[in-house]
Amino acid sequence: MSFLIDNETRLIVQGITGREGAFHTEQMLIYGTQVVAGVTPGKGGAEVHGVPVYNTVMEAKVKHGANAAVLFVPPKFMYGAAYEAIISGIPLVITIAEGVPVHDMLRLHHLAREKGCRLIGPNSFGIISPGKAKAGFMAHRIFSEGSVGLMSRSATNAYETVFLMQQKGIGQSTCIGVGGDMIPGSPFVDMLPLFEADEQTEIIVMIGEIGGGEEELAAAYISEHVTKPVVALIAGKNAPKDTSMGHAGAIVSPDGEGSAENKEAVLRAAGVHIAEGTEHLVEIVEQLIKGK
Amino acid sequence: MKLLEYKAHEIYRRYDLPCMNGMVASSAEELKAMDGRIPYPMVLKSQVQTGGRGKAGGIQFAENRKELEEKADFLFNLKIKDLPVEKVFAAHKVELTREMYLSITLDRKVKQAVMIFSPEGGVDINQIAEENPDKLVTVYLPPNEPLQDFTLQYVMDASGLDEKYRADFKDIAGKLYRIFTEYNCLLAEINPLVVTDAGRLLALDGKIDIDDNALFKHEDVRLFRDEITGNPLVLEARSFDFLYIPIQEKGSIAVISNGSGMIMSSIDLISKQGMAVTCALDLGGGATSDRIKEALRIVAENPKVETIFLNIFGGITRCDEIANGIMGSLSHLQSIWLVVRLEGTNKEKGLAILESASDRVTLAAGLKDGVSILENRLGA
Amino acid sequence: MKLLEYKAHEIYRRYDLPCMNGMVASSAEELKAMDGRIPYPMVLKSQVQTGGRGKAGGIQFAENRKELEEKADFLFNLKIKDLPVEKVFAAHKVELTREMYLSITLDRKVKQAVMIFSPEGGVDINQIAEENPDKLVTVYLPPNEPLQDFTLQYVMDASGLDEKYRADFKDIAGKLYRIFTEYNCLLAEINPLVVTDAGRLLALDGKIDIDDNALFKHEDVRLFRDEITGNPLVLEARSFDFLYIPIQEKGSIAVISNGSGMIMSSIDLISKQGMAVTCALDLGGGATSDRIKEALRIVAENPKVETIFLNIFGGITRCDEIANGIMGSLSHLQSIWLVVRLEGTNKEKGLAILESASDRVTLAAGLKDGVSILENRLGA
Amino acid sequence: MSFLIDNETRLIVQGITGREGAFHTEQMLIYGTQVVAGVTPGKGGAEVHGVPVYNTVMEAKVKHGANAAVLFVPPKFMYGAAYEAIISGIPLVITIAEGVPVHDMLRLHHLAREKGCRLIGPNSFGIISPGKAKAGFMAHRIFSEGSVGLMSRSATNAYETVFLMQQKGIGQSTCIGVGGDMIPGSPFVDMLPLFEADEQTEIIVMIGEIGGGEEELAAAYISEHVTKPVVALIAGKNAPKDTSMGHAGAIVSPDGEGSAENKEAVLRAAGVHIAEGTEHLVEIVEQLIKGK
């Protein structure tokens, strides 16, 4: 089993006629993903790698029964494209763009929830269920089918981790780029119940970083609801601190929230294994697998 | 993008939000020329990207021309936490009877904007928040809905704001909310929001932090950002859409990578081994050989940099492009040593190209290997 | 509130939605006076609150003054399904090359507005919908969101609408949506939406049904409703905020109750026993004795009414108020027999008051008992 | 057990300073409902039957932990009052007003769902859990505690039914006025899972009427998910048909939908007992109870 996407997923690519959109459409098709249609306003009627292009998400959805969308559109236009996908009733929307305005994401984060849509990203590498399907731009060669469920704020750290797993013959169930921007569509805590429920997933890997409170929220959920072992890495211990401004931040967030120390402490208290780096992370995963 | 006070005031004025009607000077001469244009007594406020300017003497008052001239010379020779004062905001001094606090910021965890108001404010607001949290009214602003009258009514009722200030409060809070949303702010804070001797509310100071990702919507602020960016390498990198990040004064290592996650992991691992990174550069996605050349050139312009760790793990990035970029840069990087880790499409091609590189290029098999190589050469 | 075509056209014009630029006449004389004001050929359309006017001869054409006069006399003497023609809408005849269909209505089940478009329309739209449902494009309009360009784009793409009509279509669909929302419509339908000989789209007919509960927002339409309400008792009841409902021609029973549910249940039970209700009146909540008097008076003005079944089950309603209202009305209801069922607050007081009523008032212990009493007196 | 409201419910009354609001606040207090606050904009600081009045729902909620609201406001102002309650995070909002504009309800119906609020009504008598609490204007004397769960579009038909039950000694678990207007905040189908899950409820009574498709939606749900016996009454068999207009209605709704015949047929097919009238309904309920 895998979740969110698999061989049955009927994916549309928004921004399919762009350079990145076209390239990754081909990559996704090669990987076996059912890319049923593309959407680029004004380019309806075209074809990209044999995939028909429409002006609107609704037409792609009605004509092809699409049930997921991946967006290869620049950050400026991401709001409009995601809004259209959500409003058109696509239940899974994956956004790749990096540097989407925070206020755009504030709106979309809530809109998606309210309309019953799972919004993944932005600044996400996408989702891959190795051996079944991928929706995103990840280099799929390093992924293989297995029992580790992975979610990461960073694409490069996820690659590094999967690459090291590959060298040790450890495969993945589903890998999700929750995205590195300030406001994710679906943070870690939204993904945890899916990994917990997924039969294929035996170990959950969470690659976080400093800033925000997503790891803290995840820790609270894990201690209450997650029975599977969780291994976490918090990147950015030695990154320069953002010089904060004004007093509102201190009023809204308690002391230390967002720091690597705090994140590691609350995760550890929730029973999560803390890794020092990617290499260490994969070592822990290996031991957990052997220990079974 | 944190705006200086005078720039925040510019935006306030654009929204007709009552604030100090001052002018900014970029030199002592400009400041002295305020004589006759702004009535005395005058307040002279240093504009620096740091806190604590008051305690450092960065805020001065002038009762007459003589004082103005003395204070002008004093301020433009002042350094606040190592930052030279390059701009001074001058205004007629406001006589105030009371200080309040009003801000709108973002709660990342809840993913909503939140308005915070306290009828007592000023420099002690954090202390008030800790000792008398009841004095602060905090209200979440529902997403995708306009600001509601009932929300402001709640803030006024719950804070017990005096009836006579309510019309002004509603006006100012409504405008601050418009600024917050229309300027894509992460923070819009008025502290202190003062009651003048005429009994009217007025923004005496302003802190506005604008989302960098939304600056394309605000040309005026984008230009202002470049203007106040002290570090020329940050500016230079920005013009190529790279992110240049100064890290530590003492280090000699630069990290270049194609993603902030990998940059953080690299710095973490290098630091853990007791070495120091002085700067990092994030290439973003899809680097071509030309862009690699520019990235190497910019980083090498930092005179502290002796070693560059180029750590690439690309989904899209083609390793032969990276390798060609390195080869084309070597002649310009005479005194610099490179540790290169390549992973991704066309990795073999890239490695083959680098085989003929000078002995100033060392190949690493992975992140950990790269750090080991650095350690062997630089470590204790 | 179903608007007549000419009233819909008034609203279209207010939104600058391309439509027939006609005038309405309330008598044959007024219609004849259109000569010289509207160019020939003219189309003369009867304005009646029913369908099928075309087949009944309610739409006529006039090529000249003589024909206009003949047709004016003809139309104002015409009855369509028993309704006399009281208004005729006259306009210059549009030469059309094609008929389309566009509507926005409410799907009660899904609780969303829905836009329906077919590039083939006209009187056969229902047949098209049944035989060639693919010709119709149906799209749900998301609640609490403005109409989106991509929604109209979808409608045009999915219907294969010719490029040359798209600008007009977007304009008209956008305006129809504004009318739908701003006038609180349950239906806004343009059928046919025609292509004129000049290749432009134009609304040739218009059906607009406005939510009665929202008429307070639209004074012009509210007045129009009273103007076209044929039944004076409906109007009279409305002025007291009662709802008077004509039911069957043949009956002699009137039902008065304090809620539509109880009215329906009463009618159902009476009908089941083979008796016929001719009208009903819904008092709404909180009836006082004065209001009861008015309600009885209005119902009694219907000459068919011989028996009134007053069935009150109030949460709020006080039975003594009802009883006093009945007592105060008896002298005016000489030939009418009342069956009264009272339940609720102060029931005993009410019943005591009614004990001294004339023998034209029979008390019922409940709904079923009331119907039995009616049956004993009136039944077969 | 009861659901939606009980002794723990902390109710606010919007429009408490109006004639109806004040009267029914007293009635609800007499019945034992915890009316913790009232809200009337501009009347903050007043008191009604000992209940403090605020200008805003938010203040009432923050100061008194209110978790339900009942609205005694005229139909014109119902949208604004319900909007405030929903946006302020009240999870249960009960609206009494009759004749609320349909477009207002279109907006509120979806807004409530999206914000996680149960909106009951409009044109509802409210909710009563006999012996525990009531929120609404129903004449509570005829209600008594028991095992029949009742929901009704019509207030008067519900009273009649409960009155007849009272004469036979049959009590109710929870009675809900889903409301008689065209667009209910929460139709029958939203209430069915609550009655099904409620331990106290053994028989479900549903009083519908002609028009709309709520009974049809309920029938579909019942046949799939409801194990308890359901007894239904459809009022309005002999009401004059609304002369429909235009073609859109016929395109959107299949033939016959909304008629009493259709509703009874689909309900019967779903295993629901169909009553001819209130008296018959109570007879069926009595037999079901005896048959246990």
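The first chain written gets the first letter, and so on, giving A, B, C and D; residue counts start at 1 in each chain.
Please note the rule applied: contacts are C-beta pairs under 8 Å (C-beta built on N, C-alpha and C of every residue); 3 or more make two chains touch, one makes a residue touch a chain.
On a predicted model such as this, the values are computed, not experimentally measured, just so you know.
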Path length in the contact graph (chain B to chain C, fewest steps): 2
Chain at maximum distance from chain B, centres defined as averaged CA atoms: C
Of A-B and B-D, whichever chain pair has more C-beta contact pairs: A-B
Where chain A and chain B are represented by their mean Cα positions, the distance between them in whole Å: 27
Inter-centroid spacing, chain D versus chain A (mean Cα positions, whole Å): 42
Centre-to-centre distance between chain C and chain A (centres being mean Cα positions), rounded to whole Å: 54
Junction residues of chain B, two or more chains touched: none
Touching two or more other chains - residue numbers and ranges from chain D: 114-115
Chain contact topology (line, ring, star, complete or other): other
Interchain pairs in contact, sorted by label: A-B, A-C, A-D, B-D, C-D
Residue numbers on chain D that touch chain A, as the complex places them: 113-115
Residues of chain C that touch chain D when the two form their complex: 2, 49-51, 101, 103-109, 111-114, 116, 125-126, 129, 136, 138, 143-144, 181, 184, 186-187, 189, 191, 207, 209, 211-214, 216-217, 245-248, 257-262, 264-265, 267-272, 277, 284-286, 313-316, 343-345, 366-368
In the complex, chain A residues that touch chain C: 41, 44, 54-59, 62, 84, 87-88, 115
Residue ranges of chain D in contact with chain C within the complex: 20, 23, 75-76, 98-104, 106-107, 109-111, 114, 125, 137-139, 152-160, 163-164, 180-183, 207, 209-214, 216-217, 235-240, 243, 245-253, 257, 276-279
Chain A contact footprint on chain C (complex, rising order): 139, 142, 145, 148, 150-151, 153-154, 157-158
